[in-house]
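Handing you a structure now.
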Amino acid sequence: MRQGVKIVTIGGGSSYTPELVEGFIKRHKELPVKELWLVDIEEGREKLEIVGNLAKRMVKKANVDIKIYTTLNREEALRDADFVTTQLRVGQLDARIKDEKIPLSHGAMGQETNGAGGLFKALRTVPVILDIVEDIKRLCPNAWLINFTNPAGIVSEAVFRYSDFKNYIGLCNVPIGMKKEVAKVLEVDSDRIDMDFAGLNHMVYGLNVSLDGDDITKEAVEKFSQHNTSMKNIKDIAFNKEFVNSLGVIPCPYHRYYYKKEDMLQSELDSFKEGKIRGQVVKDLEKDLFEIYKDENLDIKPPQLEQRGGAYYSDAACNLINSLHNDKKDIQVVNTLNNGAISDFKDDEVVEVSCIITKQGPKPISMGYLPTSVNGLVRQIKSFELLAAKAAVEGNYDLAYLALCINPLTPSDDIAKTILDEMLEAHKKYLPKFNMA
Amino acid sequence: MRQGVKIVTIGGGSSYTPELVEGFIKRHKELPVKELWLVDIEEGREKLEIVGNLAKRMVKKANVDIKIYTTLNREEALRDADFVTTQLRVGQLDARIKDEKIPLSHGAMGQETNGAGGLFKALRTVPVILDIVEDIKRLCPNAWLINFTNPAGIVSEAVFRYSDFKNYIGLCNVPIGMKKEVAKVLEVDSDRIDMDFAGLNHMVYGLNVSLDGDDITKEAVEKFSQHNTSMKNIKDIAFNKEFVNSLGVIPCPYHRYYYKKEDMLQSELDSFKEGKIRGQVVKDLEKDLFEIYKDENLDIKPPQLEQRGGAYYSDAACNLINSLHNDKKDIQVVNTLNNGAISDFKDDEVVEVSCIITKQGPKPISMGYLPTSVNGLVRQIKSFELLAAKAAVEGNYDLAYLALCINPLTPSDDIAKTILDEMLEAHKKYLPKFNMA
Amino acid sequence: MRQGVKIVTIGGGSSYTPELVEGFIKRHKELPVKELWLVDIEEGREKLEIVGNLAKRMVKKANVDIKIYTTLNREEALRDADFVTTQLRVGQLDARIKDEKIPLSHGAMGQETNGAGGLFKALRTVPVILDIVEDIKRLCPNAWLINFTNPAGIVSEAVFRYSDFKNYIGLCNVPIGMKKEVAKVLEVDSDRIDMDFAGLNHMVYGLNVSLDGDDITKEAVEKFSQHNTSMKNIKDIAFNKEFVNSLGVIPCPYHRYYYKKEDMLQSELDSFKEGKIRGQVVKDLEKDLFEIYKDENLDIKPPQLEQRGGAYYSDAACNLINSLHNDKKDIQVVNTLNNGAISDFKDDEVVEVSCIITKQGPKPISMGYLPTSVNGLVRQIKSFELLAAKAAVEGNYDLAYLALCINPLTPSDDIAKTILDEMLEAHKKYLPKFNMA
Amino acid sequence: MRQGVKIVTIGGGSSYTPELVEGFIKRHKELPVKELWLVDIEEGREKLEIVGNLAKRMVKKANVDIKIYTTLNREEALRDADFVTTQLRVGQLDARIKDEKIPLSHGAMGQETNGAGGLFKALRTVPVILDIVEDIKRLCPNAWLINFTNPAGIVSEAVFRYSDFKNYIGLCNVPIGMKKEVAKVLEVDSDRIDMDFAGLNHMVYGLNVSLDGDDITKEAVEKFSQHNTSMKNIKDIAFNKEFVNSLGVIPCPYHRYYYKKEDMLQSELDSFKEGKIRGQVVKDLEKDLFEIYKDENLDIKPPQLEQRGGAYYSDAACNLINSLHNDKKDIQVVNTLNNGAISDFKDDEVVEVSCIITKQGPKPISMGYLPTSVNGLVRQIKSFELLAAKAAVEGNYDLAYLALCINPLTPSDDIAKTILDEMLEAHKKYLPKFNMA
């Protein structure tokens, strides 16, 4: 048996990486990471180097025995890995900018993980993740693949449905963020709060809130309804207070795209007209961040990273790896096969749900049926996810079109066609499966 | 045993009644209707008289032994009835006009059976139908109640869920219309066509089209995609041809409100601005129709009735009554308890589905799971229906608001609140349960 | 298009064949059978000839234009067939005798289609039927395969689960027999009776009995409880009257093996000790029958055939073929994929259930959940069927053993092992898949 | 808020009580029990006193601050309780002896919790537990009711189905015993073993065995198959080794009654003939135990108690109370509503399943579908449980008869009737609901 744990992070040149490094440093006693391999592609070489050097300074400063490797050779990195994390962005931020701009130019929502943007991010990303899965099966078949790459719901559905790899977990920072938000509105420490989470990625609801074990759902929803704020990545438009109270559960920040469809669209259209779409904002932010990362005196995670939108990613990822490694049997929220947990979904559909995390992987906690008020929307998004995953795997135009038409953010079948065709052309380089067809 | 069949039609003063009378006349040999009681309320007294007189002239002309009664006394009419049909409109066309105008005035879809309009039609109608059910249980407990009143999906859900009356069937002319349309685009006689129907009221899909028993689904969808037209009640905007082919099943005319959301909204907003909303058009049409009905020389169903939008209602209703009475075991499409027929729905949810019609009632044919491309939307509408039915029965503001917020035609939770409050005020007179609260 | 219908009967030398021939003669106007091919194997050559000659005399006497062919060449027969029926018996009656004797010699139920006997009949039969399916796919891919061969439940499960052939229907005469029995105890013509059937092959229940369309279930069950008799193949031990009334539905004759386990076992053990097991009785009966068939003056179905136990097979088979051919859309009871019809079963499990018979095949009628009192036993038998089908396809000893152990007629895991090993040896010749292992 | 925890044990005079007292003493730091009320009825007055005195000596010796109360006044005891445990035996051991003897005298299995004996134990017990539930709702509505009384499956089903009390948990020592047994055959400490448990009470299976988090299911089943032993209450007849390996999961000791039906029956019949049925053995054991308990020098749980059959009851009960009180979120196996955990059961059916234990109660872990080899039997037992629970609540003869007829241990409908009638007469005093009918 190897002495310590080997982690491979694909998309290691991401600006988020220092979060991860910090997480491993903090947990080093319990989770003895020996090697951290940061992998990227040619286009990310420079960023990889900057981030790698920062990581090296961070572990040195922390005086922990984690060896940092940077490489463009994925195969070399994967060999005998214990955990692989994926946080890649096919086509970089320029692709995201197109995902936002093209739909908005036709009056439809343009957003990174929802609607047409989410569909195209899936079409670009799914084949790459499935390739990585094949490499893992060959080079480190017992490793866990923990995927942060969005749209995590569709990616997870694709891996479980179109590969025979079982050691996959989809992960998102939204549930942790929701719990922190609830703790904040209740003005208590978030460790005293428990919530069940059930739904889909970026479409998850918080249920059964308890404080020190006692049920306070009604109070939590009430307080949340008065103060709800959003995430860095999402326009901060509050849900209607009475709506949240009628709903009776805690919606996630991304639910704004559905329950406040028109407000969100108008706001995005305004930003678009002002040339301030989120993709561009992030691109600028990232540029600044990497300037900061370059500073050879920097040897901790810089506070500016928190503006970036990935808060709690480190916690989510490192806690998950820790529990898998140490068979902790604690409760975490991940994307995995439903297996009966949420009665509204089939056993082989992917859900985002509270799970016991064991060395054997996540075991979902049974939630029964979701409230009537939310089960329709989640089923509709699941239909979209299923079609999108299949379209991505097959490079199937008709399915991609169908997925877009049934998405609730799509204004009409005709506009969908226009957007689809324009985006297929714009993202051509990253959609080889569609070009073959 | 009585010699013939006693039919009671509640809302008998409706302009549709001559359709029904014609249907009974045509089938008189097989379905020996002895008494037809047309029941209405004080507000409809004049129409009832006009329609009643026309009906009397029609049976006289046809020389069939059907006795026509008109009455404002529902109890008297119901006693020992064999079949009760309901085709009432709580608040008359003026209420419909409000259902359309108020949402449109806030930029949201205003339509008779969908969105905010459909919700309010349900809130007004459900308590009235449940009252009728109580009367039937007392006065003619073995009678079949056949309800045409919209929104038939919500009304049906309410009757099955909130009464213990089992002899209820919800009926709509949309499936017959779809079959006729398919026959038309295929240029064959509609008797040679069979289709399975599965979904919800005004949200039903045509599956497995066959011609003389041979499967021609692909061809039928292809032909339909090229020529699809709408119904009298719905703006005639064609579905995108490639969308229909990708869908692979025949959508119903009302699906335009979802798959062509923006186009339909724009079109309704235009009509609204021009003062030509459908409710007003129908009101004018009705006025003309009743002028025609008054003509003492008229003794058949006037051809102008076909402009009204209720084509095939007579066929739907009379065929259903005929099969129930004669235990025909033929296949018809009705709203009834799912009982496992469509695997996407629970056994106790109401669906619109092809059924065998026996003397014991409809027995649904098993459809298995709906295609992925359609099961999300139908589940979402079912959530809306369930909340709307409960809101109507309880007079529950929060549930009504929640129902509206989760409806896919609602632009946002804030606009929903504005519309809700304005409509509650506007329809106050017909919402006694809400006033009590 | 060919002028008439081509039927192929595999196992054509069976003593049942004259039933079938009579059925085709009676329906010739509606169902224009042009060719009837009787196929058998070398061991059945003599019987085939006898039956073939009788068939020829029958059609001649009836003066219908059906051409009878007899052949040992299955391929030749299958080419361009419209319907294929299978009524074969792998290992002939000698195998059945072993199926009965060996378990009985160890104090366990020995019966043709239940318990150890049913398991071994499945192990012998399933691979042969799957071979025939492969031939059909090659030689007449649009033909319908109608299988009477027992155990029809396991055979049907195997075909749907382990082949990709869809045009398969499993058929049994038990439901028709049950309906006739109910009509008899009610002293009415069986045409006036309707019943829903739901369950599994040889484990089907009659529900919702109606007379002229009116529900008389309670009365029918009450009358049935007083007079219930069995079938030719089953010992005639009446169900306890109060039990049947408590059950509230009509059990099938084979339910005796479960609800009267000990009585049936004792009775079989007695017969066994007296050397009068059913297999031997049937063998003797068959010998006599074939002597009768040889009579060159015989040109109708001889009345003695009715002692044989296959009453109504002709009706079941010919009515089914007729409805498939003529798209009759009438209701018949067959073994097909559940597709949601019985909520206790998964969509892809085979059930025996009332169906609409169309040219496209059977469409099950939704039954919802079975009564609590019966759903446990049917699930247990389904588990047995699933394991048995898999064991047969794979030639898997462990699965065969497991299937036997979980069968409710098996006395213990140890006795099961003894019986299994002895039967595997005894039937060796007909279990090539097990010998390979 | 009260300073410490108040526990009420109904049936406090049971010989098991010292187990419980020992458990509370051991955990006193973590679980500060302040009051332990032992409640019994007049017939148990003497035992209650003996046990109460022993309990007092035990807490004194252990020097913990637990106050022991004994009372025949249930109401007084329940007021403001935090936890109520029920370990009662309606009709005492004499009733159990009848439960065993009467069926055996007719050649059928006579056993405490299965078959006819289990049915009658349910008929006697369910109404008493439902009475206790009503008291709890009135006197300590926030208390948890933890029921050990057998048949725990039927009792649990009855409480959830026929009361509106939610704070109920059914508990059994079988799963802990199975885990210990597996640890024993693997020769490792049981703390290093994890297993999923899924099924029904006394019909539970052990799945997914892991050692230090690593999957060793195959090895565990293999080792278990070689050495499986039973419990004190069950004859020690080993499962067939190959059967267990084919099954692939760990059966529970009570599965012998089904998989070794004949061996168990023969063994019980032998004991019956020798006058050594288990009920009598236990009665003698208890007599001895109470003699020992009387010893005023005894101030610890006497080692002889372990012969009694209730091993691990203390662990099961005290661990559960501890986790509920301290919101521990650890995994324990209890009887609770399925809520989707085992896909073979409906959401509102009670299952025995691994759960996270929180202050809000148990949350089942999703198990998906059970293996085909076991799901039939569990469904059959669930049918029995559902009918038995309903029969007990309604005092319904027909349902009780039906329950008995469909139980797999019942030899035939006729014998069932004889046994039923004889047992109804024998237990008359404890079946007031049946006498009223």
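Order as written gives the chain letters A, B, C and D; numbering starts at 1 within each chain.
Going forward, a contact is a pair of C-beta atoms (placed from the backbone, for glycine too) under 8 Å apart; a residue touches a chain by one contact, two chains touch by 3 or more.
Remember, predicted model here, so these are calculated numbers, not experimental data.
The chains that touch chain A as well as chain B do not exist here; no chain meets both.
With contact taken as defined at the outset, there is no chain that touches chain C as well as chain D. In whole angstrom, the spacing between the mean C-alpha positions of chain B and chain C is 45. The distance from the centre of chain A to the centre of chain C, each centre being the mean of the chain's C-alpha atoms, comes to 55 Å.
Within chain A, not a single residue touches two or more of the remaining chains.
Against chain C, in their complex, chain B makes its touches with residues 194, 196, 208, 210, 212-215, 327, 329-331, 338-343, 347, 356, 358-360, 363-369. Against chain B, in their complex, chain A makes its touches with residues 107, 239-240, 242-243, 245-247, 259-263, 372-377, 379-384, 386-387, 398-399, 401-402, 405-406, 408, 410-417.
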